[in-house]
Each structure stands twice: as structure tokens, then as C-alpha cells.
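Both complexes below contain subunit A, partnered by subunit B and then by subunit C.
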Partner chain A sequence: MNKKNQVAITLGLMCFILTALIVVQVNTINNANSAIGQARNENDLRDEVLKWKEKYDVTYSNLEKAEKNLENLRQNASNNDETTKQMEEELKTANKLLGLTELTGDGIVITLEDGTDLIHQEDLIYVVNELKNAGAEAISINGQRLVSTSFISCDGNVILINGNKIGTPFVVQAIGYPSTLYGALMRNGGYLEKLQDIGIKVETKKVENIVIQKYNGIIDSKYMKVVE
Partner chain B sequence: MVIIAIIIGCLVGILVGMNTPIIPYSMSGYLAISIIAALDSVFGGINSSIKGNFDLKIFVSGFFVNAILSILLTYLGERLNVDIYLAAIVVFVGRMFNNLGYIRRHYIEKWISRKNKEEKNTNEKGV
Partner chain C sequence: MEKNNKIMAITIGIICFILVLTIFVQFKTVEETDISGIERMQETELKEALSQWKQKYEEANEKLEDTNEKIKEYSNQEQDKTKTSNLLQEELKNANMILGKTDVEGEGIEIIVSDGYKVEVNGNRAEQNVVAKDLVNLVNELKKAGAEAISINDQRVVNMTDIVDIGNNYILVNSQNVSNPYTIKAIGEKTYLQSALGIKNGYVDQMAASGKNVTVEAKRNIKILKYEAKTDKNKMQFKYIKEK
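Let's look at the complex of A and B:
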């Protein structure tokens, strides 16, 4: 019996030391800022990205509210005066052409998806060029409006448009005369046919009342000046 | 008795561990290896108590010597830029599995023999 007690006490004491050490160790690891494994590091980064994204969304919705307010104020101000009304119209037209307003109209939607071959930025550039050649008035790819300062470039396994990362599938929306746009892109020997031949899934549809998002960025100029 | 002592030890250990200040991060590697050593000792202790050849002196000295050697190995590995502590972990964990195997076999055999006895009893009653 004495021996058994001895065993029990020793093992109990051992377990006490063991669990105390484990808890201390776990606390230490949890408190340490430097991550011990890559997985932990990645998870932290992911959390941070999500947090920033949420912040961005909130700020963006605030901005939209403020812009609507501004629009209302402008309208109120121009209600009284004929010249301001004219200026308001001009401003609207300018914004429309610059890509700073949401637009709607008939046109086509092209969906490009990676198949046996991948889509590269040149493919999108070609498609956009053909659309412009066929008289497209407003183009957006995956919600990124193409404006005068837009660029399409390669960034590893994604494509950058206006500095935003987008990935496959690419949805190209274009407002213009639907039949002309459709014909220009789907003609025999056209670029979309070539893409289909190398194994990219292409789908083209004429759609009525496409809504194209406005450009989110800022169009700025630093070096150009108007000639007097 | 042994099981109760282990449970009480674990509970008190958690309580004490919660209230202990944390140690420097650079020391946590050494603490980790000593935790593995302690775990190995506990399994060894349970195993020997089942076998009935538990010896306090061997148990305690085994724990301290093992822990100190593994900590020294970790330190040496850090100096030499070789993860020697992995070797200690492999040995400890391997022994843990061995001990666990003995414990498991012991209890399963006990259980089976008890079952056999019960079956015998019911058979005799049935006859």
C-alpha cells in the first residue's frame, strides 16, 4: 500500500509539473509576436487582409454616399440658374466620357475562361482593341472600367487592370451597337476564334441594358498643360 | 488511486500554469523539449507501475537526466546549426509509443480474461 501511494504521489506530481509546463509553454507561444510556423503567419496576414478589406468597404460606401450628396447639392444649385444648368450638363457629359459615372446600354458580354490554355494579358488587350475598333463606347473587365489611363498588365498568375488584381473567368462588358460588336468579334478568323482554337472557353452574348460600373480611381495629370 | 492522483495533478498543474508568468520566447524551445521528456517519464512511470517494478530513484533520476541531456543537446544543436533536438524527440516519442503499447496490452488482456471468466460463469449457470 505504501508503495502504491508512493507511485501515485510521484505520478501525480509528475503530471502536475507536466501540465504546468505545457500551459506555460502554450501561453508563451500564444504571446510571442514572432510566429513559429508559416501557417500561423499566413493566418494572421489573412486576418489582416480581411480587416483592411472591411475598412475599405466601409470607407467606399461612405464615399458613395458623399458623392450622391454632392450630386443632389449640385442639382439643387443648378435648378435656379440657366447657366449653371448648362454647366451641369457639360460636367455630366464630361464625366460620362471620362468613365466617372455608372452607365447602362445595350452591348455584348464576353466571358473568357481558362481551358487547356491560360488567358494572358495580350489576349485581353486584343479583345479590348477589337471592341474599340468596332465602336464600343464603354468597356469593363470584371468590374474594372477601362478609362483613358487604364492599363492591362501581367502580374504572375493574375492580371492587373487599373492596378487591381483580377483573375479568370474574365467577363468583358462592352456598350455599343450589339450586332456590330458581335460581328466584329465572332467573325471567321477573328481573335476570339483563335482563342477558342488554342483551348480557351469563350462565350459571347448580346445583352440589353448592361450596367457598367464607374471608374473607382482618380484620373490625375501632372505634366500636361493646355496650350494657350 | 494512481488515476485520481494523475487527474488531480493535471488540474492543479493547469491552475498553476495559468498563473505563472510567461517565459522568454528564446527559452521556449528548451521548455518544449523538457515537456516531451516529462511526458516520456509519465508514460514510463505508468508502465512500470503496471508491471509492478516502479522505483522512485530510477524514475526521478531518469527524468532529470533525460531532460538535462535533451536540453544540452538542443543547446548544442543551436550552436552547431543542426536540429539535434529532433533526435531527442524521436527517441522520446518512440518510447512513449512503446510504453503506451504495453499499457494498452495490459488492460486489453485484463479485460479479455475478465470477459472469459464471465462467459464461463454464465455457461455453468446455463448448464
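Let's look at the complex of A and C:
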């Protein structure tokens, strides 16, 4: 009798353990299923991202055409009069200063690459500040033109300029007087020297006819008004 | 009795077999559907990318509508000198405003950054002066938060503004002296600007941790003075751009 009881208890326990295991597994699978739902959701999201990117691309190319058109219209409208002609020229210069046109000129190109240490957003911010101090007239990093509203930020270990992701190596182009720019940036105690000392690969070259792309974003002014 | 026992043993054996089988099947299913946390991250990343492209699209669309509006105006002016002149005037005004060549006003924030000190382990006070980098970082943070116009002690920050240390007591902004305390004005959405600086481990926290003082105040109307170049280097002009 005793023996029978023991067998029954053992069997009962075994069944219980097995059932418990099955329950755990079913639960796990349910969770995993929600993960599958997420994957489906991700594909939808991916499609959605592509759709909006395409919308942007189309609108942006229309915008470029419209801007060309506007420029021609302006020129035609102001051609016959000295005052308006002058204003039109002034507007063109202003747009150049704003970073809305592609520019060519001599200057320097600095290439920064992650080495034994990584490049952080501050590093780019300080290098840009030194270039401005040395009299740079136009600057871009990995093709992103720096305009008055530009900022350099980071998201995890990704660096963003004007909200666009860029990665190492960072190619900083600057138009200005090449020797002045070069001398200022490569001076003893300069920021580039510090970067080199902590193990970042730095290469600086004087380059002729650098082409700096125009800013392809929008400079907003919703909150400020001219004081009359 | 023996027969009964046998039947029972076989039944139990079959049940156990079925249960074990079920578990194996389940294991396989779980293995196949395993989705790691990395892909979860991708979802947030995708959401970010989505909102970014939407925003870029909206901005471009807005600009396109604006440009088309101007095209219409220029097309309708029928070679009228006054009308053309007015249109150009308006465009110039806007461009010069963004360049920083005019006084501007609007809602925004006023930040005061000043020298402070840290109490060391031995009880001594260690002076912590505001340095150029503190201001360079602040300007970057403000632009990131959407500031449209910025000034430091009334020196307008324009695209090519540089901020550098001169000795321990002065900072040069646009090649002009500014000194402690530093009042930074920024025009933009005031609540957003304020919260962007005030987030945990954000600019205000970082400065406070280094022993420097920062106050941020949202204001309904802030006036920011126009850019004035005192040296030749700081003139807003191109000298090294080649015309094509």
C-alpha cells in the first residue's frame, strides 16, 4: 500500500512539473508572438519612412526648380532699373551669406577619424569654432553646410549635423585664406593637437578649389520679427 | 491485478511521452520565433526617422508654397518698377533679419551664466570661471532647441561668430570683449528652449555640477540687437570665394 502511494505521488509530481513547464512555454510563445506583431509593425514603419522620404525628395526637387525660376523672374523684373538691379544683387549676396548657394574657394580640409579614442560632438563644435576664429567663410562637415541655425548633436554614439546622421571619418571643409586657416588650426596648443594627443587621427591639408555644398534645409524664422 | 498494473504503467508512459513531446515542440517554436531586443530598438529608431522625414517634408513644402507665392507676385507685377522694388525690399528685409543685420524681437529666454566656485574636500573654495567653451556649448544647445536669434552680452551670434578665451578674465565674441556675468538672449519657442536647457543632465545641470551659476528665465518679449562688425575680419563678406 505504502509503495503504491509513493508511486502515485512521484507520478503526480512528474505530471505537475511537466504541466508547469508547458504552461511556461506557452506563455513564452505568446510573448514571442507579440514580438512577431512588432516585426510586422516595423515593416509597416519602414514603408512609412520610405514613403515620407520620397515625398520629401519630390517636394525638394520641386522647390529647387521653383527657386531657380524665382531667381530668373527677379532678374528679369529688375533688369531695367538701376535701383532694383542693385537690390537684386544685394539679395543674391545675402542668400550666399546665408549658405543657400554652392560655393567654391581655396581653404583647408581636416579629416578626423576615430582612433584609440572616439570623436565626440564637442570635438567637432570646438574645431568649427577655431575655424571661425581663423576667418573661415564657409564650412561643411561630411557635406553638411553649417548655417546660422546649424547645430551638432549626438544621439547615443551617432553624431548629427542639422539633424542628419554623419559618421567617422569626419571631413571638415573650410573656405578661407589657406595659410591662415592652416596655421591657426595646427598651432601648438590648438584643439587639433589635443585631439591628436588623445589618440584621434587628424589630417589637415591646404586644398585649392574646395566646393562647399549649399544648405539643403530651411532656415526658420517663426518667432522673431524685425524691430521697426 | 498484474494486468491492471501493466495497463496503468503503459497509460502513464504514454502520457509522459506526449507531455515530453509537447515540450519539445514548444521549444522548437520558441527558438524559431525568438526576437531580440535589438530589433525593438530599431522600432524606436524607425519612429524617429519617420518623424524626421515628416518634419523635413513639411518644412520643404512650406518653403515651396512660399516660393510659389513669390513667383506669382513677381509674375503679376507686370514690369512695374515700384511693385518690383517692394517685393525685393521685403525679401531683402527677411534675408537680412536671418543674417543678423537687423534688431529683432520675439518670445524667448534670457540666461545668465556667471563665475562660481566649488568647495574642495579640504574646505577651500576653488574658483570656477566661465570659459569660452561653456558659451560655445550653450549656443549649440540653443540652436538645437530651435533658437532663431542669439546674443551674448549684446553681441549678436551670427553664422561665423567665434567665441574664444583671452586670458582668464575675458572672452571674445565677434572679436569683442565680453566679461562675467554673461547674459545670453535667445528668441524662439520659450517653453521649449527653457525645458531643453533644464532637462536632467542637460546644460543647466552640467554647469551647476562644475560650480558655475546659471539661471534661465522665459520671457514674452526679448529684443536682440543687430550684428555689428568692429574688425575687418568680422565683416560679413566673402573674400575667398571664387565666382564661377
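Note that in this section the second predicted complex is superposed on the first by the 144 of 228 C-alpha atoms of A that agree within 3 Å, B and C clash if a C-alpha of one lies under 4 Å from a C-alpha of the other, contacts with A are read in each partner's own complex, and residues count from 1 in each chain.
Convention: a contact is a pair of C-beta atoms (placed from the backbone, for glycine too) under 8 Å apart; a residue touches a chain by one contact, two chains touch by 3 or more.
The structure displayed is predicted, hence computed values, not measured ones.
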Regarding the shared-chain residue A:Leu11, is it in contact with subunit B (first), subunit C (second), both, or neither?
both
With both structures placed on chain A, which of the two partners, subunit B or subunit C, ends up touching more residues of subunit A?
C
First, second, both or neither for A:Gly115, with subunit B first and subunit C second:
neither
Which of the two partners, first being subunit B and second being subunit C, lies in contact with A:Tyr56: first, second, both, or neither?
second
Touched partner set for A:Val147, first subunit B, second subunit C, both or neither:
second
Contacts for A:Gly190 in the overlay, against subunit B (first) and subunit C (second): which applies, first, second, both or neither?
neither
One more residue to check, A:Leu21. First (subunit B), second (subunit C), both or neither?
both
What residues on subunit A does subunit C touch that subunit B touches too?
11, 14-15, 18-19, 21-22, 25, 28-29, 32
List the residues on subunit A that touch subunit C in their complex, please.
11, 14-15, 18-19, 21-22, 25-26, 28-29, 32-33, 35-36, 38-39, 41-42, 45-46, 48-49, 52-53, 55-56, 59-60, 62-63, 66-67, 69-70, 73-74, 77-78, 80-81, 83-84, 87-88, 90-91, 94-99, 103-107, 122, 125-126, 129-130, 132-133, 135-138, 146-153, 163, 175-177, 209, 217-227
Subunit B contacts subunit A in the complex at 1-2, 4-6, 8-14, 16-18, 20, 22-25, 28, 31-32, 34-35, 38-39, 41-42, 45-46, 49, 54, 56, 59-60, 63
Subunit A contacts subunit B in the complex at 3-25, 27-29, 31-32, 34
Considering only the defined contacts, which subunit C positions touch subunit A in the complex?
12, 15-16, 19-20, 22-23, 26-27, 29-30, 33-35, 39-40, 42-43, 46-47, 49-50, 52-54, 56-57, 59-64, 67-68, 70-71, 74-75, 77, 79, 81, 84-85, 87-89, 91-100, 102-108, 132-133, 136-137, 140-141, 143-144, 146-149, 158-164, 187-189, 223-224, 233, 236-242, 244
